[in-house]
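The two complexes that follow have subunit A in common; it is paired with subunit B in the first and with subunit C in the second.
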Partner chain A sequence: MRTQADPFPSKMELLITRYVKLQDGRVWLNGIVEYVSELGSANELFRSVYRHYRTDYPKFFKMDNLCKLAFLSAEILLRGTDVLQKYPAEQIGIILENASSSLEYDQKHLESVRDRDKYFPSPSVFVYTIPNIMVAEIAIRHQMKGENAVFISEQFDPELIDHYVSELFRNQRVSCCLSGWVECYRDHYQSFLFIIEEKDKIKRCKGVQEYVTLNILNVERLFKGKPI
Partner chain B sequence: MIEDLINKLKGEIIRELEMENMTPEELDPEAPLFGEGGLGLDSIDVLELVVLLEQNYGLKIQASKEGREIFYSIRTIAEYIRAHQKE
Partner chain C sequence: MLDVFVGASNTITSMGFSTAEHVERIKANQIGIRIYPGGNLYPTPVPLSLIDSQGLLDLFRKCLNKTNPDLQLDSFTRSEMLHILSISDVLKNSGVNITDSRTLIILATLKGNMDLIGGKNRPPAIEPDRVYLWKWSEFLGSFFNSSNKPVVVSNACVSGLLAIIIGSRLIKAGKYDHVIAAGGDILTEFAVSGFQSFQSLSPNPCKPFDAARDGLSLGEGCGSILLSRHHSLCGIPEKIVVAGGSCTNDAHHISGPLRSGESFCVAIRRALEEASLDPPDIDYISAHGTGTDYYDETEAKALSLAGLERVPVNSFKGYFGHTLGAAGIIESALAIASMRNNKLFKSAGFENPGTSQPINILTDHAVKEVNHCLKTASGFGGCNTAVVFRKI
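Then we have the complex of A and B:
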């Protein structure tokens, strides 16, 4: 029950200040196509995106495709922003969803231990048999130390993100949050990642597009590429 | 020849550790595998190297102290393989 002494604001306006999508050989930033590739496989595409954005992080090549996708999405999303300087590392959260968890590497690991006579499980495969590792790869790269979670859902669930992230802000567990959908299984891949900030802590720059209020409908429309 | 073994190891390390951005020529056999100024491998990589030695050369590394000396560089790995495969 809320009382007058309750320090947590019941209502704060949260905004999506930037969003990125990777899907069907394309990279969109804030709804605008930035990069197009005809490369067929997910791995080839991710490597070409890595090179296109002149990324320098050799560990990228050791990641599974799920982590590569999450890593690249965060890389493109955060480039040119000041969120890493503006917020304490402990106040930047990462909340993600996907459908296939880490299934591709789960299966790869299973194959390596199926035959008792050729029992050579690979540590570098095993380490990716948990979807939360994609959060870890982003957090290590950008030194983010805030709340994090990965939820498994058959489909992108904007309601869960809206409620969960809003609650984190309301309870002052985060001041900024990377959130969205990072799904990858074999050559099917789709990411939609966005930055959420509190309206009162944003200085709007001239020429910058209008930010989008965080709510279920807006998140769903951005995910589907529909106008707000 | 140990140089042949070193070249073979370079290919195996690049493949097993998925160092796609490196060529065998770029791998210095004398350079430390771990830490600053070296190849920058991590703890998962060392486990992968342990598996590689067992799978490809039938050699089991038991003690971590021994492992530190063996896995100092590509040359020390090659020397260990050469010494123990003769036994």
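Then we have the complex of A and C:
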């Protein structure tokens, strides 16, 4: 709720140039279903998505499910785009939200230290007990070195993303930003990732009219699969 | 350009329950890290900096009697008590109304209610879902009747400093007038065993940047700092602003730094650029300085690459350890105390230079006019942050 006039009205128009969603055994790219699986568990599904998209990245199998979901979503989102070539690595940001942080691996780590007779904490588990490792996995894979943050929210909060990412663009901290929601706890998983770019930096070509202006309402609609 | 002023702060560690108490103890060269015998937190003896539990309960009881006398002590977790005490102290010492729709609380943490993970130690009066950070933050927000849902940032060990950057940006964007950046982590076997599994913990109190450094010491901590558009509400007479800030990612390794320090240096350079400063303009650096071999080496390289090798620098972690989510807030609060008093504190635990790029570590307390202070932090996940504070 804003009661005062914005002292810095942003003249910059920001666009969502591509978006991906992964939930209920389906993958949507720009609102169109690309892959459907009947597999029930998150782990099985993530493996099948990995294979379907012919991914070759052995580190994937060491990741916890939260990172697997973030990694796959970014992989599908960035494939076939030129953003990694177009923008300097330091100008590409990653701003994500989720609800459960890394609770699944938090519990797994605690299990390994609870019993003093079976005490074996492992660094390969402990490292996944912070949610921003999902940012690191995406950053390492695609060499994105700019602004990064993980926010925790009960539900996807498009307002925070809109406010914060818009300020990063206005302040020239980013020229491109990968943003959205990556939530995974046991077999409940949901991701919604999108690429944000400045309208002025996108070459006019076929399909430009399909891009969506970044604002709270539009992000909410894309997240819920409703028409813009 | 709109200024974001830094205001009243609070600091809670083993060394006390206010920023002023910390300054006094640090001046007197006291250290809060002790070697604890093996027990609940770790099977063998380990150096830690732990908050005095009885002191916490006494102060919290007083705070509750004043504000919410009908609430029971056992309906709060340790982390919630710390955050309520810390934020209440900042409110008491400033003119900001936390229920105002233009005020936002930003919470920085790794684990929030770390003691509720796994659920076995949960007291009956605590709902199970307070293990979720969103629920923990919702509980704190509703305790203060805050109009806005608190924002939670969980970005490993840079969370605290990043909360200050985020708060400053949201104010500059015109979304809020006041932000209380608060953060903290308690210590349980969860964190102690985890860092020990990485062999990151020193068997002795940590020695940041020293030649004989061999690991970090963990510290319990909670801190709060006020950011506001209005200096008159800040509660401190000096005008100190957030002049620049940046957060970068190494894109190199999930649990180790990019040892060239290049990416860390980019964060520092960007913070300086935003503040329109050259390296010689910086009077003092409050470094991350954990006491681990690689991270201190990387930070020294980054500072040197940025042209800051001659600037006096300290790490506060030699006093009260690495306070995880609180570190950036607590250490900023103390750095700002240095700016206000023009007094720099020695870097506890440091004796002999031990980084390949020499930097100017404070070996004694010193008197120096500080107009520009750089605060840095880095952490797991390859993140690096830097903030410049300016006295105007």
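Here is the rule we use: the second predicted complex is superposed on the first by the 215 of 228 C-alpha atoms of A that agree within 3 Å, B and C clash if a C-alpha of one lies under 4 Å from a C-alpha of the other, contacts with A are read in each partner's own complex, and residues count from 1 in each chain.
Heads up, the rule we're going with is that a residue touches a chain if its C-beta (ideal position, glycine included) is under 8 Å from a C-beta of that chain, and two chains touch if they have at least 3 such contacts.
Owing to the predicted nature of the structure, the values given are computational and were not obtained by experimental measurement.
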### Task
Could you say whether A:K199 touches subunit B, subunit C, both of them, or neither, answering first, second, both or neither?
neither
### Task
Please name the chain, subunit B or subunit C, that touches the greater number of residues in subunit A.
C
### Message
Just to be sure I read the superposition right, which of the two partners does A:H52 touch: subunit B = first, subunit C = second, or both, or neither?
### Response
neither
### Query
Is A:K86 contacted by the first partner subunit B, the second partner subunit C, both or neither?
neither
### Task
Kindly classify A:P123 by the partners it touches after superposition: subunit B alone (first), subunit C alone (second), both, or neither?
both
### Task
Go through the superposed model and pick first if A:M144 touches only subunit B, second if only subunit C, both, or neither.
second
### Message
According to the stated criteria, A:H163 is in contact with first (subunit B), second (subunit C), both, or neither; which is it?
### Response
second
### Query
Is A:R221 in contact with subunit B, with subunit C, with both, or with neither (first, second, both, neither)?
neither
### Task
Using the touch definition from the top, say if A:R26 reaches subunit B (first), subunit C (second), both or neither.
neither
### Message
Need the overlap of the two footprints on subunit A, from subunit B and from subunit C, as residue ranges.
### Response
121-123, 127
### Query
In their complex, what parts of subunit A are in touch with subunit B?
47, 58, 61-62, 120-124, 127
#### Entry: For the subunit B and subunit A complex, residues of the former touching the latter
17-21, 40, 44-45, 47-48, 51, 54-55
### Task
Quick one: which bits of subunit A touch subunit C in the complex? Just the residue numbers, please.
1-4, 6-8, 89-90, 94, 99-101, 103, 106-107, 109-114, 116, 119, 121-123, 126-127, 129-133, 135-137, 139-140, 142-154, 160, 163-164, 166-168, 170-171, 173
## Note on the structure
subunit C residues touching subunit A in their complex are 2, 43, 101-102, 110-111, 117-118, 120, 131-135, 137-138, 149, 151-156, 162, 166, 169-170, 172-175, 189-190, 193-198, 246-255, 263, 266, 270, 274, 380-383
